[in-house]
Amino acid sequence: MDSFIVISLIKVAVVFAVLLTTLAYLQWVERKVIAHIQVRPGPYRVGPHGLLQPVADIVKLLTKEDLVPTYVNKPLYLLAPFLAMTMALLSISVIPFGPQIQVAGYQTYMQLTDLNIGVLFVLAVSSMGVYGIALAGWSSNNKYALLGGLRSSAQMISYELPMSLAIAAPLLISNTLSLRRLVEKQAGGIWNWNVLHGPFPQIVSFIIFLIAAFAETNRIPFDLPEAENELVAGFHTEYSSMKFASFFMSEYANMITVSCMATLLFLGGWVAPWPAEYGSSYVPAAIFVLAGLVALYHGFHPARRRDGYTLPVFGVLFLIAAAVFLLPMVQSWLIPLFWFCAKTGGILFGFMWIRGTLPRFRYDQLMGFTWKFLFPVAMLNLLVTGFLVALRS
Amino acid sequence: MDVILFLAFAIIAVVCAINVVVQTHPISSAVSLVGVMGSLAVLYLLLGAEFLAAAQVIVYAGAIMVLFVFVIMLLNAGAESKKGRSFTAQLLGLPLWVAFLGLMAYFIQRLYPQSTRVHFGGFKGGGAAEIGHALFTTFLLPFEVTSILILVAILGAIVLARKEMD
Amino acid sequence: MLAAVPISWFLTLSAVLFALGVAGFVFRRNIITVFMSIELMLNAVNLSFVTFSYHRQQVNGHLYAFFVMVVAAAEAAVGLAIILTIFKNRGTLNIDDVDSMKN
Amino acid sequence: MQLWLIPILPLAGFVINGLLGRRLSRGLVSAIAIGSVLLSFAWVLKTIFGLGDLNSRYVEHYYTWIASGSVNIAADFAVDKLAVVMLLVVTGIGSLIHVYSIGYMAHEGGYYRFFAFLNLFMFFMLVLVLASNYLVLFIGWEGVGLCSYLLIGFYFHRQSATNAGNKAFIVNRIGDFGFSLAMFYIFKNFGSLDFTKVFQQAPGASEAVLTTIGLLLMVGACGKSAQLPLYVWLPDAMEGPTPVSALIHAATMVTAGVYMVARSWPIYVHAPSAMNVVATVGIATAFFAATIGLVQNDIKKVFAYSTVSQLGYMFVGVGCGAFSAGIWHLMTHAFFKALLFLGAGSVIHALSGEQDLRNMGGLRNKIPWTFLTMMCAAVAIAGVPPFSGFYSKDAILLAAHEHAPWMYWVGVATAGMTAFYVFRAMFLAFFGEYRGKEHAHESPPVMLAPLAVLALLSLVGGFLFNIPQFLSGVFPAREAAEDNSLMLISVGAGVIGILLAWFIYVAKPAMADSLASTFGWIYKTLYNKYYVDEIYDAAIVKPLVGGSRTVLWKDVDAGLIDGSVNGVGTRAKDIGGVLRLLQSGNIRSYATWVLFGSVVAIVALALAGIGSTGGLR
């Protein structure tokens, strides 16, 4: 009992430390990715390759003046960012990152807690996320904020439907609501992942889920609530300093959550694309070796002056990481974690890529798209899946 | 542990429920009601109703109450006006209400012995599989009828909301 | 310190919540608040359904609660549409102003 | 064996054609309609071969339809040999007539509607045949009545057609009322409507009960099978398209009454007086309708009265206890009467709608195929050996002789008249000089092919399908009395009828008119169908309408009912005037009263609980 509490506390601490760091650095990654898409260097000044930029941002946000306008509804105005952030962080507690591991003689799962209804929990928490935005919009007592909040609530409610239907289809195949069992059912290789799993590969479902996920997280091309040329800054117009940062971070936390969900539901979670006996456990090491070599090459042929110092250091770090991946004692948990992060990271990269390339929808197009296209398609997909699953059993 | 959980969330629920009634602004009432629903979801978990707890949050808190908040925002409803002329409610309301609550509480205490206790994990039949099974066997007809009810409600809502356009 | 919660506590909580819903219905004047009071009563009833389900170790109570939820969703959709219409036609949300059935 | 597929297939055809038919092409509509019926026919065949010798009933249970207290009615289908015969007749002839309809309806409006109704009729008829209890049978029974109504009134723009449809519907209601009473009585006495259970208990019941049930069932059968005195709707039903007359009003639906009586044989064999009534009604109808048929000029009316007459024969068969002979005649009659109607349809088609025999004549060279096939039917119905009608009619007459010799003699006379009026129609239509103006043209092959098949069946159906032998296990055994002299007499009557017809209408055509004027009042009475319609109108319809208008409307409705309703209204208004003080229109006040009510209810419950259990726990 006691060891359970201690282990849980440690896990919570680790997960949230990692998660919050990731949130901060995700912003940096995004700026870098978009910069490179647009052929510019991106953040570059603070630290090597702008690596310390997030720290600078946090310091900036913390030290800014925290304004509370006089005309707002104060309790709700204060509650809104808190709600948004809480709901964004809450779902991470049921996400499994890897299989059961043994640490210092204790068996534990790489997951904060496993619920029998994990998928429903995530859905429930994400459906509560609307309140943060809606209340922020309303309590600001500002017409731009109100319109942004209204749009956002309508959009999130509307896109929740195709998303739920898209989630239901792989659940029919896996026949469980527990996220851990979901991954265990997809073990074995890429052909067992729900996105390719018989009797009906869930490719359509996967794509619908991703589209709905973009809308749920208010990302481009669905970032209508904060369409700055129409609504100034949408629901968070009146927010500043850390309260603004809360909304900002909750958006990124939601992105991570939906990417994790997509990985778990469709891409087999931490399962490697092919079994370890065919050498899948050497892939991470190989990738890091390759990355290290590339970094070293560019370090010895620096394009910019300081690269001559920083890139060799990165190269050596990558090579060390590759060596770590080959150590047998950590392989059992590090390799599943690698696959999980790689899949989630791939989806997150997709988020950024799309932000860098696609324009924004018009509002009526956005609503028409979900109700007249996504929803029927998701429904059809669910029907066909259900029919085929019923035929198989 | 169970008692602490129960008391904590029961108190939250009651406080939020009182807040629903006494707040003059509908949006405060709505947020309080979400609080009631959230704490009830935890109590459902305590009673072994996993699926219902999730459904409570998804359907009630996540859909119905969002709709309420949405409508309040749309109408930009302000605080309640004080004028009212229901003398019946003013005269009879409070004594009747007290009598009602008192009688209910009294009979519950009389009818349900203290010996039946609720502890976490005491009922395992509330998972999604069990609910789904019952829903598609014993309760198939009600389930289908409810689906039709929902469809009718959707159409009704659309018709009602559209009416003033012509 | 009790090890487990008596079942009557749950039912009492349900009764209290229901009574609060009744109070909201009777004493409040804003239609939306009145409507929310109805939802509160439904929730209270759901709690007792789930409690009875635990008491009898049967899943039936859960299903009744589930149906209540579904019906509540339908009711909310139609009810709010009606409220919208009332507001658009009369410009008021005060329930005491909506008494034209009398004449 | 998935018996439900048999009726469901035509139902699917009905749903598709009924809902989408307007947008589908004619070819597609007929393909769906005929395909569904053919599939159903194929499934019947598969079922029959799959079930083997079928010496006992094969029942399929689907679900419990009504379960309330002691009432337990299942939606079941069952097959036995009797049902097999009916299934084959219904689906087989149904398919042929569907095919025929493509050609016949080619130039008509409402094409999809026609086929949709026809399919719906097939569905209900098959339900009727497959039913394993009286209630399911009743569904089919009512359903075919509905389809009959819809199809009689198919040309709804014609006042006479809609009137005929209404007449059929209303007259059938009288029969259905008898049937419903019979069902109530059966349920009251046997506690079930299931055939198996009822028939098991039937021998133990008192004769009075069984006779009552038998007579009530017979009232139902009289309505559906157009027996005296409820036959009046059938001749009018000829307003419908001719394939409908062939399928519904000759081959299948009108025989439902015979089928039902045969199905209920365990009730009838223990109620001899009821059987006697059945046989008497049958022979009276046979004779009566045959006399009317002698002088009709409309070709379809001749065959319609002939149908009534032949149905009377079937009733004689089942009424004399020769159930299998009745069913045999049902089958052979389905062959030759369907053929006669289809042939008549072909003639009408050839003459672009002309139905009056006086405007025909000499058609045998113009439409030879129709003539040939119809001739096959004519010799079959006239009872010329060895064609199909001979066998079944002879079996019935033999049974009638055994039952009561006078019935045999009336039957023989009827047989002679049958031969006479059929050949009269044939001679008037196909021999002599052509008296019409229309240019006659032979029907398309799609119409002639079913005629040919039916002609073959009419010729050889009698000795090919020995129904009494096939059904020997179903009905109680009877000693077959072979009596060649009786047989010779009935055949002789038929031959005399044919010769007489030839003599009057071919050899000496002038004789017909002189005969008609010689026996003027008889001719007029027969020509006007014994004035039955006029009598019914004067005796039943007029008093009903008049009574409704004066007594029911002016006195009862306006005076008594309206008065009391208005009085109640006034009182209610007065009371409401007091109660409206409570109706403030304020929701919160109402809510308070609801709260008040719940407090009272809780207190009342508590008091009741204390009273009954001696205090709360």
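So that you can tell them apart, the chains are marked A, B, C and D in the order they are listed, and the count of residues begins at 1 in each.
Rule of thumb we're sticking to: a residue touches a chain if its C-beta (ideal position, glycine included) is under 8 Å from a C-beta of that chain, and two chains touch if they have at least 3 such contacts.
Since the structure is predicted, the reported quantities are computational estimates derived from the model, not experimental observations.
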* Count the touching C-beta pairs: is B-C or A-B ahead? -> B-C
* Asked: Quick one: which chain's Cα centre is the longest way from chain A's?
  -> D
* Distance from the mean Cα position of chain C to that of chain A, given in whole angstrom -> 37
* Could you tell me the distance, in whole angstrom, between the mean C-alpha positions of chain B and chain C? => 5
* So, what's the distance in Å between the C-alpha centres of chain B and chain A? -> 32
* Just how far, in Å, is the C-alpha centre of chain D from the one of chain A? -> 72
* **Set of chain C residues in contact with two or more other chains** => 22, 26-27, 29, 96
* Enumerate the residues of chain D that touch no fewer than two other chains. => 584, 586, 588, 591-592, 595
* **Touching two or more other chains - residue numbers and ranges from chain B** => 51, 55, 63, 67, 72, 74, 84-86, 89, 93, 97, 100, 104, 113
* Asked: Tell me, which pairs of chains are in touch?
  -> A-B, B-C, B-D, C-D
* Structure fact -> Counting only contacts in the complex, chain C reaches chain B at residues 1-13, 15-24, 26-30, 32-33, 35-37, 39-40, 43, 46-47, 50-51, 53-55, 57-60, 62-63, 65-67, 69-78, 80-85, 87-89, 93-94, 96
* Asked: For chain B, which residues are in contact with chain D within the complex?
  -> 84-89, 92-93, 96-97, 99-100, 103-104, 107, 110-111, 113
* Provide the residue numbers of chain A that touch chain B in the complex, in ascending order. => 73, 75-76, 79, 115-117, 120-121, 123-125, 127-128, 130-131, 134-135, 137-138, 146, 149-150, 153-154, 157, 160, 177
* Asked: Contact residues on chain D for chain B in the complex?
  -> 584, 586, 588-589, 591-593, 595-596, 598-599, 602-603, 606, 616-617
* **Residue numbers on chain D that touch chain C, as the complex places them** => 583-588, 591-592, 595
